[in-house]
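Can you read through this structure? Questions will come right after.
Chain nomenclature is as follows: A, B and C, assigned in order of appearance, with residue numbering initiated at 1 for each chain independently.
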Amino acid sequence: MYVAVKGGERAIDNAHAWLAEERRGDAAVPELAVAQIREQMTLAVNRVMAEGSLYDPDLAALAIKQARGDLIEAIFLIRAYRTTLPRLGASEPVETGAMRCDRRISATFKDVPGGQVLGPTFDYTHRLLDFALAAEGEVPEAATAAPDPAPKPRITGLLDRDGLIETEPASDETPPDLTREPLGFPAGRALRLQALTRSDEGFALGMAYSTQRGYGRNHPFVGELRLGRVGVEVEIPELGFAVEIAEIELTECETVNQFAGSKTEPPQFTRGYGLVFGQSERKAISMALVDRALRWEDLGEDFTGAPAQDAEFVISHGDNIQASGFLEHIKLPHYVDFQSELELVRRIRAEAAASAAEREAAE
Amino acid sequence: MTQAEIRGEAPGADYTFAYLDEQTKRMIRRALLKALAVPGYQVPFASREMPMPYGWGTGGVQVSAAVLTPEDTLKVIDQGADDTTNAVSIRKFFQKTAGIAVTEHTGEATVIQTRHRIPEAPLTEGQILVYQVPIPEPLRFLEPRETETRRMHALEEYGLMHVKLYEDIARHGEIATAYAYPVKIEGRYVMDPSPIPKFDNPKLRMAAIQLFGAGREQRIYALPPYTEVVSLDFEDHPFVPGKAEGACALCGSETSYLDEVIVDDRGGRMFVCSDTDYCAGRRAAGYRGEMAAEEGGA
Amino acid sequence: MRAGAFRAEAPVAPILSVRGLTKRYGGRVGCEDVGFDLYPGEVMGIVGESGSGKSTLLNCLAGHLRPDAGEVLFDLGKDGMRDTLALSEPERRRLARTDWAFVHQNPRDGLRMTVSAGGNVGERLMAVGARNYGAIRASALDWLGRVEIAADRIDDRPAAFSGGMQQRLQIARNLVTGPRLVFMDEPTGGLDVSVQARLLDLLRGLVRDMGLSAVIVTHDLAVVRLLAHRLMVMKGGRVVETGLTDQVLDDPQHGYTQLLVSSVLQV
């Protein structure tokens, strides 16, 4: 009995073996290949890459398979693996203005230079279960066209040219990296953006939604949402110039928000920014809204006590690996602590009973 | 798909000794040295994501990884016991990634990683005790903001801590903190000794080096050997260590910290040592508790 | 007791000397070139309508706001007169919990609402090292008595108190360590008239018995009539008139002061 309470090595081994069996499921059903997950569960793969902070669709697909489809568990696997990777260098900033867009829309202008490109989106689909998919038939090929060579300038750039939106001063400073340096407060915008892009999609969505419902409202318009591929360049010191080492898919969202101004400064629109690995529109828009809400101090706005305005609150609680680890650690044995509380409560109760008895005797 | 497989090497070759790369270990050692130089001060460090969840000992594991050498002998305990699931898991992790010797005997270990207990047997000079810490900030539940608690430590503004103790006495007649009982280090920093029962607080002044790692909260702090550690209290309500009354049912010890084990659904219970190695040592030396006879069948 | 008489008896050095204090918010003036001396045991009233800069001035004096120019010299005893603006943060905070006290208009800003009345009063004692529970509790009981709060309320939280009780508790919490200088920001604001009168009475007794030096900001001339020895009248961030309280209120010289005085009932 005593040994059973203390768990033990064999129990752990058995639990892991059973887990492996459960992961495989019914052996009569063909096993999923990692490539199938990578190709057909793309949005799950994208989320794991984004929140795992590691752009590698194969590893993300493997993690999803290993995690039995539990995406937070898969993100955890990727994060732990990422820890062991040596840091060889940092890339040049990616040029999202030159993105080869699969999708590019603006909600602020009916038409824009470069055009509105709808791309592969769930928007406007009717959310009806498609039973044809259960029949495992092949999908007819979508129509194709030659790539549109027209440049797609950023919408906020167009506003910027007329001075209608705040200018974000360019900086060549190396941004901080919260995976290498301990997080400190107050956190600058670059650090906040890094924390947001890694943050849990559900958390970011909830925070962003709360701003829309009035907890730190900032009147956002989606100035532009673009999805596509950009080149990643790294400067090689031996060569003295940058070479492209990879191409990655990104979703970028720039919001145009309520204007700020004063008696001396004419009004200007303000910005929120979201950038996420892969196709993750919900996350990119959420990130932009929360980014904007966190900028209240820079823009001379009031702190209204809204959670989404509180950088320490948002950044400290948005990471799902930290959150789920700490939440689930209460499953671990705590009987030493519980025992000490049990003793305390028993003693205080006994003292209370004794003094009550004394009072009664005195009366 | 792993780096090793890509390179055609055996699995496991991906990881350096004790999992963390050398640069990360150096970063952690720098934080440890600073922590030892300023006892009780919480040193921020860039905690890495480990292959076990946050809250399950990632801070302790990183500290252990940074101090372990191939010659070390490691002991891992959770709730005082070597065979609790999480202790087993962490011990296995280091056996796998560092290939070091492990032991269950407190006296044989050079590094002991612990969660929630200090071993009963006094530790000696040359040993290192590594604590897993969930919330390193003793002021956290009085003041949720990190910016503010750091300022309070810097300015030694600890009045609020005593307000909490005052409120306990006013309401319950005594200080109602049974574990993670706050201590003051060398008359300067107020420190959370991690969730050890307050029974263990007097042992915090010891011959071994004590290192505290909080992974999720990215903090390391430390106590050099023989550091003065005072449990906070009032003159007229002094700190009392406290433990369950009675003796261990297996080894008969009346001085060790006891776990309560419910043995039936009619209120029956027994008490046994939480420190399994201590208990086994006493039984090997011939000590017997009142239920020791039944133990042979367990 | 009147300040003039007091100073004639005891020509001592000031406890607080303010010189050229200026605070601007962008292009707007918060307060400009304010200077005065406060002597031990003296109460200075600062009056003016809202926006006159009196609260800005008080917050600059108490170290809550950083002025753009000027000096706030305080008598630190053995260290003599020191510019509190030049003190380090730890020194300033120590001052704030020992020799100084600050009574907020809203007691919620000055109390811990989730801590019992006894804990509220005891906090400053514990902050300066008191470690005897019985003694702390006795002090708390003594102070609750002095501010007319029943002893059996000691373990209740201020949330269960009326506005007047909360304000009296805030005063007890501030005065328990025997500060030498008290800043008060509209201490009777937000209270009913009858409650105000009782609080004023209490404050007047405490100031007299403890020999407190105080700076009181208010828009209520009845408050300064009862409590202050001297008055400063502020308008647009500047001091427009200064003098003994009776003198200023009964024979105002500046046009603005005349307006202020005429717009209220004589007390």
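Definition applied: contacts are C-beta pairs under 8 Å (C-beta built on N, C-alpha and C of every residue); 3 or more make two chains touch, one makes a residue touch a chain.
It should be emphasised that the depicted structure is a prediction, and the values quoted were computed from it without experimental measurement.
The fewest steps needed to get from chain A to chain C, moving only between touching chains, is 2. Greatest centre-to-centre distance from chain A is found for C, with centres as Cα means. The chain pair with more C-beta contacts between its two chains, of A-B and B-C, is A-B. Taking the mean of the C-alpha atoms as each chain's centre, chain B and chain C sit 48 Å apart. A separation of 33 Å divides the Cα centre of chain A from that of chain B. Residues 1-3, 5-9, 11-12, 34, 58-59, 62, 76, 79-80, 82-84, 86, 179-186, 312, 316, 321-322, 324-329, 332-337, 339-344, 347-348, 351 of chain A are the ones that touch chain B when the two sit in their complex. The touching residues of chain B, counted against chain A in their complex, run 1, 14-15, 19-21, 24, 44-51, 53-56, 58, 78-81, 83-86, 88-89, 92, 115-117, 134, 145-147, 172-174, 176, 178-180, 195-199, 216, 218, 242-244, 250, 257-261, 263, 272, 274, 276, 295, 298. Listed in rising order, the residues of chain C touching chain B in the complex are 89-90, 93, 97, 112, 115-116, 118-119, 122-124, 126-128, 131-134, 136-137, 154-155. Chain B contributes residues 154-160, 162-163, 166-167, 169-171, 233-237 to its touches with chain C in the complex.
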